[in-house]
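I have placed the structure first, in the form of structure tokens, so that the comments after it can refer back to it.
So that you can tell them apart, the chains are marked A, B and C in the order they are listed, and the count of residues begins at 1 in each.
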Amino acid sequence: MISRMNNKKGFSVTKQYGFKQIALICFFALYAPILLLVFYSFNAGNNLMLWEGFSLRWYITASENQLVQDAAIRSVIIAVCASFISTILATMAALGTTRTQPFKGQQFIFIMINQPLMVPEIVTAVALLIFFAIIKNFTNYFGLGYLIVAHAAFCIPFAYLPIKARLDGMNLSLETAASDLYARPFMVFRRVTLPLLWPGIMAGAMLAFVISLDDVIITEFVKTPGQDTLPTYMLGQLRRTITPEINAISSILLAISLLVVTVFFLFNRKKY
Amino acid sequence: MTQQLSALEREQIKRKTTNNWLLSMPALALLVFAAAGPLLIVLIYSFLTAGSYGGVVWEFATEAWFRVMFTRDIFDDTVSLSDAHLSIFWRSVQLSFLTTMICLFVGFPTAYYIATRPPKTRNIWLFLITIPFWTNLLIRTFAILELIRNKGVINNSLIGLGIITEPIKMLYTDLAILIGMTYVYLPLMVLPIYASMERFDFRFVEAGFDLYATRLKVLRKIILPIIKPGIIAGSILVFVPSLGAYVTPRILGGGKRMMIGNLIELQFGQGKNWPLGAALAVTMLVIVMIALIIYVRIIQKSENKND
Amino acid sequence: MIKKSEADDAVKVEGVGKYFGSQPDLVKALDHVSVNIKRNEFFTLLGPSGCGKTTLLRLIAGFESPSFGQILLDDKDITHLPPYKRSVNTVFQNYALFPHLTVAQNISFGLEMMNKPKDEIEQTVNEMLALVHMEELKDRRTDQISGGQQQRVALARALAPKPDVLLLDEPLSALDYKLRRGMQIELKRLQLETGITFIFVTHDQEEALTMSDRIAVMSNGHILQVGSPDEIYYKPTKRFVADFIGESNFVEANISSLDKKKKQATIQFEGSKKKFTVGMPANKFADKTAMVFIRPEHTQLKASSQGAAMTGRLTDRIFFGTDTNYHLMLDNGETFIVRSQNTIHSNFNPAIGDRLGIFLEEDALQILED
């Protein structure tokens, strides 16, 4: 039986007709709109689509806009707090659910932790709107707390996944060896588990940060009027007059996301 | 002579389980407080009466559930199906389904392509497909808006090239929402399929070719069945968020073309009917849960078949 | 060099069992095992995979608790002590070196956990590095050194805290042949130099024979026999032990007479008149026939069957350089192996199919307990 593979020169087992073309079109289609958006943020003119020369004016306008400044600061505060809280909680949960004999209720914990990924955001947003409205009635507290708590909650699964993945790849024999060498459980954690887990924890924190920064729906429903984050500010602007200021803000957010994702990728690749 | 685990071992296992639970407690507590718990409140609210200025009156009523699908004529009290609501449900399901299909037809070859690149370039492709994933939903929707508006890039270029004289109306149509959702959720289809493809052993394909199969047959009979879990995962990851989409239909559909998400929001805004909004939210949740259960069943069945 | 003292037992294992799972899927990894390991000795647990040797090691180390039974270290009950409270250190099969620490930091880890003063730690680390010849690589990361070097670091790390007992879990299995041989000599030397009790786990019988002071042969969660390499090889008490170590022949023979007081029997092989006197274990007194055991090197092959114990047809000849194995088919269909040392001038050159006479050393014949 003569294999066909010997007949054709350079026969590729993996090639399928048209797939390469579709893939390339797909990548082009994914990036073209965003690149255009960034491109037009440097538009000197007022009109969104009429190019009138290169200028940084919209970036300057955006940075001088008080509302934008407030929204930006608020976004960062919330993202930092939420990512901090969710990463710690996710790390603990990962330590409790990984590299262990199956125990009672493990499935339940798993579902609960990943629940924000399974429930449409609008449903959670509505639920929190109602719930916090009740609390607001009782306590009269109207601060950033609600947003931070809400963000921390839905960021947990995003922090959890890379940490758990990293933990799964860590051989228990290292901790056993440490214990064999007279390290008590806490020291084992501090000197072996934690250092080795650290890249995963950082990756999780990065992810949580980006997710929080980008959130629109839940923030929109949970916030009190005036408590805008960058995304909700932009949402509001989109309902009124659209100026390239939005392009500028979008480009900055894009740059931040890009930076964080790059760092995330680097952390994820660290071998030990 | 002991037949089972000793008492000591049973105690050790119990201690370990307690430790595991203690570690997971804080995360669970926060999630119950700010994610899962409030869902119960939604359920409760759907059985209450709407307050005149929004909010609720704590009186039991099934009116909200009734209003999900039916309307009562104001004048003669006849009950009929709510056309407005039904058309919104239908649009949501239709658009979500179409989005999923398009993402599948574009996403599968893309995932396939990435998985068949040499390892060095593969990481770059992966990085490239991941970036849109982490880009703000709003920004991506806005980018589409810029493209398809009457004074947007597409229309301006076409007019500039002289192909058309009047702008094609694309914005504020169902098509706009479809384009938007496809654009937003496409990476979510690619990544799970890629994960499946990466683990796929191409020696199966070699065997197929060795036995005189054509490329198409190899695709249909060898590749697709094996990576089915990835395809299903991707489909769920696109269908579920599409169904619950809010931002994209709002920006690209205007006020007139609503999906379930917008309908829900309406009840908490102008509609001032919180119980109805709650009932609609629960309905959406149920549909999503059903889709997820179907997914888990299919995965389990395919795993049993592999045994 | 520290003299081997016969005095105390370093480790006593008393009636230990380890069960996993529950009925009906109960796995008895260890089933009522008892053994005493002497101070300063190089003791080996030998057996095929699944026999329980690694489980026993882990119980001594403290990584798991026995389902029942007791383990004593220096006559102190350590059965339920956690590993960090036992003066026992382990060299793991996969080395388990800490990837985020250097060679020197790995070695000093145990000493740091014991809160030893800094200069003592430094001195000990340098001693250890010299002991395993790794001085130049002390600041290297452990994923940047070869397998053999990792092995030595694992050894140094476990020896640094100067434990009472060192446990080695198949530490040489990942090394290639030459390295392995070299490390076997190294380990033996180290054990003699430090005087620490070594408990060594392996499935390689040759390794066990060359390195150990005493061996415990295990199978299916039981210890079948404990003894010096000599005893295990020349006087196996069970068929499994005889089979597992070296090559063995088992042939059925007729019992013509039995002396119960002397515990001896006179036997005769099928088709031959030659009689042999063999020691007979008490539990076999009632048997009509006996399964006789003899090692191939205690037999001889001659062209003529005059006065031979059995006759066989040559089916195969395997040349080993120093020796040759002759595989024969006996008249009753059983196989038999004769091993002869090769000499330069030999006029004994049988062909496949020849009928040859098999001669046995009477003293080497044994009837085993099972």
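The definition used in the following text is that contacts are C-beta pairs under 8 Å (C-beta built on N, C-alpha and C of every residue); 3 or more make two chains touch, one makes a residue touch a chain.
Please read these numbers as outputs of a predicted model, since none were measured by experiment.
> Mean of the CA atoms for each chain, then the mean for all of them together: which chain is nearest?
Per-chain C-alpha centroids compared to the overall one single out A.
> Which chain pair racks up the highest number of C-beta contacts?
The chain pair sharing the largest number of C-beta contacts is A-B.
> List the centre-to-centre spacing of chain B and chain C in whole Å, with centres computed as mean CA coordinates.
61
> I'd like the Å distance between the centres of chain A and chain C, where a centre is the mean of that chain's Cα atoms.
It comes to 56 Å between the two C-alpha centres.
> Measure off the straight-line distance from the CA centroid of chain A to the CA centroid of chain B, and report it in whole Å.
Distance between chain centres, rounded to whole Å: 17 Å.
> Show me the residue ranges of chain A that touch chain C in the complex, using the header's touch definition.
That would be residues 171, 173-174, 176-184, 187, 191-192, 195-196, 271-272 of chain A.
> Which residues, counting only chain B, touch chain C once they are in their complex?
Counting only chain B, the residues touching chain C are 2-6, 8-9, 12.
> Residues of chain A touching chain B in their complex?
Spelled out, the residues of chain A in touch with chain B are 1, 3-5, 13-20, 22-27, 29-31, 33-34, 36-37, 40, 47-49, 85, 88-90, 92-93, 95-97, 100-101, 103-106, 109, 112-113, 115-116, 118-131, 133-134, 149-150, 152-154, 156, 160, 210, 213-214, 216-217, 221, 231, 234-235, 238, 246, 250, 253-254, 257-258, 260-262, 265.
> With touch defined as at the start, can you tell me which chain C residues reach chain B in the complex?
17, 19, 22-23, 26, 65-68, 80
> Would you tell me which residues of chain C are touching chain A in their complex?
61-63, 82-84, 88-90, 92, 94, 96, 98-100, 109-110, 113-114, 143, 157-158, 161
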